[in-house]
């Protein structure tokens, strides 16, 4: 098998598992779980097989020479099944496979018992896995787009999975549509790029970029593709869907809305980072990243829902990746992607365990859970520490590298400052969440903390390990690229310490109360994400719906009205004409003679002047 | 200057006239309805056969004067004569229930012998018309074709409606023919010619030598334009073109059904052919000038016919208005005279072929439609459209034939004959580059579909409250005619080239 | 001879006939008016013959007279039939669509036994 | 103005005046009589214009037969002998159409013939011989056809006017 | 090969006769079954057509018919028509099977099947015609059977809807007729292949524009193109399930196929002049349909309007007059046939069970009928143009083709069309949310027989598989189209 085939096998295996999963009867939940798990496991096997093939060197994001067969041809442009893995992208695939596998296992414990529709659920996870892997391995942008959109569809399906939550279907639709807005740009960007480059492969595009000087094309396509990435990665201003998406089952949040899909935007920008340079739009990305990271960190600070805290934190952390991309530190971005994938998946699965025992997402109803659930507590603690960026955890290394890269970048001053503020805020909200969940007294009567069942427990442990160790061993991977800057590191650690200190200090004052209370009236503003949902509603959703109603009415009354009116009009004229013919012979005679007279006169007139 | 008369060429005319006489004799001597009926049918068939046989002998001319021949047995004439005979044969078949009469009131039925005699006289006129090539013969033939119909329309002798229809038809017809005669007289005054060929020639030249100091050329004379229009009025009356059409619904509705069928098929064919003869054969130079009016009349005819048909409640009136609309399509190709200045011969040929072909397609379908109506209603009148509700259940075969005929008149498959008829017309219109006229035809065909479909819909609808009665018993002559017309419609649908070949001759 | 004189006379006669046809309510009077129109036709034919020095027009005129006679003969018979059936030959409502057209299956006319 | 012109004018005036009475008279019977005058003086015009045979035929057939027939019809339909006011419809359409037709025709005819003059002296008279030649050399076919027409009119008139003709015996009805 | 070609048309005709024979002998059930068998045989014949695809065209059969009208019985198949031939035969077979197995509302299954076969005969004839007049004849054949299907088996307002359908489409086909004869009379031939090869038979630009306009308007009514679409929602809403499936699945393609084969192929210069107008209308259709669907309250009506939008993409592809555009349009045709066919089958199943199509009264379908709802979700997602499913290729690459034109107007159109695709997502997800998600609505709660029946599985699954197959392996449709498209465009120099 060629390398293309081996690379494509990576998405194909979970895809087959998904197809099989969809055909499994609803009652055979265990079989479905087994199929889903097997799909992810199979992908893991293939992943290592790919490693055995030898991957292209680092750190360049390879302009792939791995051309696959033609999938379809439109005129002189073709879509090819081109795929391959480089050393860098392998790690992205690895985190996808790992989290997917663990989520499949975790879900058995989390959902299987009392969810009638577990079978499609598992299959959808498999399908998602396949799609994400396709995004990772694809060397053809159209192929990537397939994965990209299928991910979105799976996200939609899985967010809407929980029938008990009335808001879930709406959240699912919102998630899909907001990302779809970005995808309009993404599609157009790809099409324009593909048209100009004469193909959709990274190789074609690289060649085009070296040959051509069409700066406008670069700028336009870069912006369009960035729009897609922003939508998928829930960056400002298309981030509004992500907090709502937490209506999905928690394992799904871990997989899709934290570890993988949301990071896909950053991944794609990494793969097309040359385009950003050529198009000279990195400043735009930097601005987006700055706004996103602070805005969402503030929102995380004020949220009471543990999953929303994590969701906002995801926006913020992905913004770090974007920041890295915007300064050209692509490998570092991927490094942060991988590390974030690890600790955020850990945090979400841990949150799942917490929610499972607490029966609610609200941190106000938690507290003191440390006692009866040591494994959950410790693994979550590791996760929070990594999120904060405490050494020597994975998050520490990746965040330091990002900030150092920004610091080193000539235009990175503003970005660096914002990054520091965000680090501070991150430390603060993570500490707050940690304290509110596990410390103090239980705020719900009769809530007895306990560790979850082994299906859920072991994935936590398995994720905790690399979260601790990956940073230390990262030097062995090509991901640890570049140096940490001592000044940057110092400033960062200071910010982190301040953040932790603030949170802890306030909490100490009243252990039962929420440290966020000190935000005062700003708290609701932050918690609502600066009311951007409402803004979006007013500016986009409502006008479109009004327009839709107008369009429908216009179609009925004007377009169809014209047709129906013509029909009625003709009928009416027909009635008149028929009425005119009910008269008797005298009028017939008049009609004959007058007709002859008029026609003859007309003939004379036409003969004279015609 | 003694004419040598070619009696072979005249054979169809002799047979038609002979049929009339024989029918009268048979009725007088034998007084058996079946025999009289058979004589008439055989006579009509023989006339058609003779016309076909004469045509196979090649073109023959007789009654020739220096200006041209009055009687030319050419291919086109033969087609018209044959179709005319066949239509008359069909109408004879359809007349059976009317002649047998209503069991309750036998006295109301038309007398068989006289009825068939008048029909045969009309046939004689039609056959002569097919071969006539001068104005005098054409006019006399048209009169012979029409005059017996005055009586025929009034032959439901106890019916006020029938008598009123007869008076109506008579008066309007007489007035129209007076107008036509005035036109013919003026035409003769201008050109000094009555033979079509000579007429065409003289019209193309200067006014006859009587007006030496004022010599604008015959076609430029306003008098010529008036004369041409007046001549065409009477013919437009025969084919029920707007505004000379209003007699048709009233007359069809009161006349015995088979006579209505004859009026809307054979009589109309006669009118169309007379129009072709005079307009294209005789008056072509003049029509270059005022041909647009013909197009306008065509447009008015199809539009008014279709619009009025939308709101009819009586079956025969609906068919009448539909046949008016059809007349519009028939006239449309002649409208291409107005299309462009440089009318070439092939454009004219296409128009003539299309007109004639459309008429043939149309009469076949129309006869089939009337055959169904007669099969359903027997000796009664056409009745309301609503009376046909549920026919599809009572008699699927009749309903099927009716739908086939109506859909054909609408110009849609499976009525392929009608489809090709429309195609032929559009082809001819565009041959003359009259796109606007083609579009008008298209729009009208759409309006037409409304009422054809409405009738078809009534057929399948269950009658209100009534239990499905058994289908009507169809007398065999009617069944035979209906079957033949339907088969002809189907065959022509798949082999329209048969018609197009002969009419293109 | 100035042919325009008989021609104009013919036109006037024709116009008088047309007027009569339009205005008269009695069927017989309508037929009389038609005879005037046909007379005008014949006058045109005769005048044309005189100017053209032919006899074709007179032949046609002869035929027209015959046709007119036949039409009148048959026409009067029909008018009489109408009179027999409804005791009036006023033509006003002849040919009008029967008002009872919306009704049932019955023929919209009274049948005189 | 020649003599013929004067004759034509005079006879024409009579004829047209009578024609106007035909279409305006309030007496049914008088209308018929005026028709006799109109067609009779028209025959005079024919005679002036050398159409001899036609003139006699006109007198014989029209005056002698057709008008008599019409008067019979008037009687048979039990028309009032005196004047009646309901003979006419509204006049306006009639005046418009009739006047339009008459004047229009006159106008185009005047336009075509102007004040042209034709000598009648060398016109071969349309007497019985000439007309006989005409009909039996060139127009045998329409002549024969007219016989069918007349027969049809005859039979038609009979069958229409006599309800008992062809009425079936009861046993024939099945 | 010619025997196979002929049999594609003859078999449905024989099927009609078989149904007739069944009715004659009083064994209507047998007639219905026989009709279905013939539909199946027809499908096999259609498949067999691809056996020899070496020539250009693959095969062709010419008999003189009515030379006076430029009408020859000239049929053949090539890459442009083959996918649609297959689609037509395939959907007809499924519909016959569905009818004979499940029964029809109001009975008379055999008649319904005969009408389906007649429709199929017409549609296949249109796709196979290589003669303009023959094309028109077959085009007309479709009209009345479809009318009868709607009028005979439709919903409560069927009479109005069917008449509207008939009149609208007749108007279209008659304009088509006029357009065809503008060409036939001027060029002196009705041979599509010859006319295409000669770039419009040497007609002048003005004539070509006139012809193209007439043809395009006529065909656009069938397609339908905004604003000539208003017959479609009514027809779809009232038509029985199989009627809707055929209507959306194949009938609309007569318009777009005709545009490609006849309008563009025969009047290329006219097409070039009219293309921007066509494209603008197509894009307006996309947006208008999207917005209207967003405010739509009835399931079948919504799907009907979505068809207007999807066909808008197809028309946009055609209007670009590029190889990419035409290829996208042809793939879009097939994809829309499969997807919307499936959607209408599903909507029919929903309405059969819930006795309503009002979105407000549905809801929670996935709780009650997970199989049905799953398929509905699949079809809806396919319909919104998800990459990897059939709908994507046609729509995305129609946009691509517009981008390819590389002019301001076309670029704007591309952008607007892409936004329209997002609207499609919006209304389809709204529909899914209202129908499948949430607690069961009153109509859904009262549903009987929630499981998918065997007949439904048999009818739906092939379509779903088709959607997936075309989505993942688009070359199965594109490969045959291939060079044939460039043949159509050869007169347009670009």
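Every chain is named by a letter (A, B, C, D and E) in the order it is written, and numbering of its residues begins at 1.
Convention: a contact is a pair of C-beta atoms (placed from the backbone, for glycine too) under 8 Å apart; a residue touches a chain by one contact, two chains touch by 3 or more.
In this text, all values refer to a predicted model and were calculated from it rather than measured experimentally.
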item: Shared chain contacts [subunit A and subunit E, defined touch]; value: B
item: By count of C-beta pairs in contact, the leading pair of chains; value: C-D
item: Most widely separated chain from subunit E, with each centre as the mean of CA atoms; value: D
item: Label of the chain whose CA centroid is most distant from the centroid of subunit B; value: A
item: Chain centre separation in whole Å, for subunit D relative to subunit B (CA means); value: 29
item: Computed distance of Cα centres, subunit E from subunit D, in Å; value: 69
item: Distance from subunit E to subunit C - Cα centre to Cα centre, in angstrom; value: 61
item: Subunit A-subunit B separation of Cα centroids, rounded to whole Å; value: 76
item: Shared-contact residues (touching 2 or more other chains) in subunit B; value: 136, 140, 143, 147, 150-151, 154, 157-158, 166-168, 171, 175, 179, 182, 186, 210, 221-222, 226, 246-247, 249-250
item: Contacts with 2+ other chains: residues of subunit E; value: 167
item: Sequence positions of subunit D contacting 2 or more other chains; value: 89, 93, 97, 100-101, 104-105, 108-109, 113-114, 116, 118, 138-139, 142, 146, 149, 152-153, 156-158, 160
item: Pairs of chains in contact (touch as defined earlier), listed by label; value: A-B, A-C, A-D, A-E, B-C, B-D, B-E, C-D
item: Subunit D partner contacts - residues on subunit C that touch it in the complex; value: 1-20, 22-26, 28-29, 31-33, 35-36, 39, 42-43, 46-47, 49-51, 53, 55-56, 58-59, 61-63, 65-74, 76-81, 83, 89-90, 92
item: Subunit A partner contacts - residues on subunit E that touch it in the complex; value: 164, 167-168, 226-227, 229-231, 233, 288, 291-296, 322-325, 327-328, 331, 366-367, 370, 374, 377, 381, 386-388, 392-393, 396-397, 399-401, 403-404, 406, 414-415, 418-419, 421-423, 425-426, 429-430, 433, 437-438, 473-475, 478, 482
item: List of subunit E residues in touch with subunit B within their complex; value: 65-71, 122, 133, 136-137, 140-141, 143-144, 147, 151-152, 159, 163, 166-167, 170-171, 174-175, 177-178, 181-182, 184-185, 210, 214
item: Subunit B contact footprint on subunit A (complex, rising order); value: 570-571, 573-575, 577-578, 580-581, 584-585, 587-589, 591-596, 599-600, 602-604, 606-608, 610
item: Complex contacts: residues of subunit D adjacent to subunit A; value: 89, 93, 97, 100-101, 104, 108
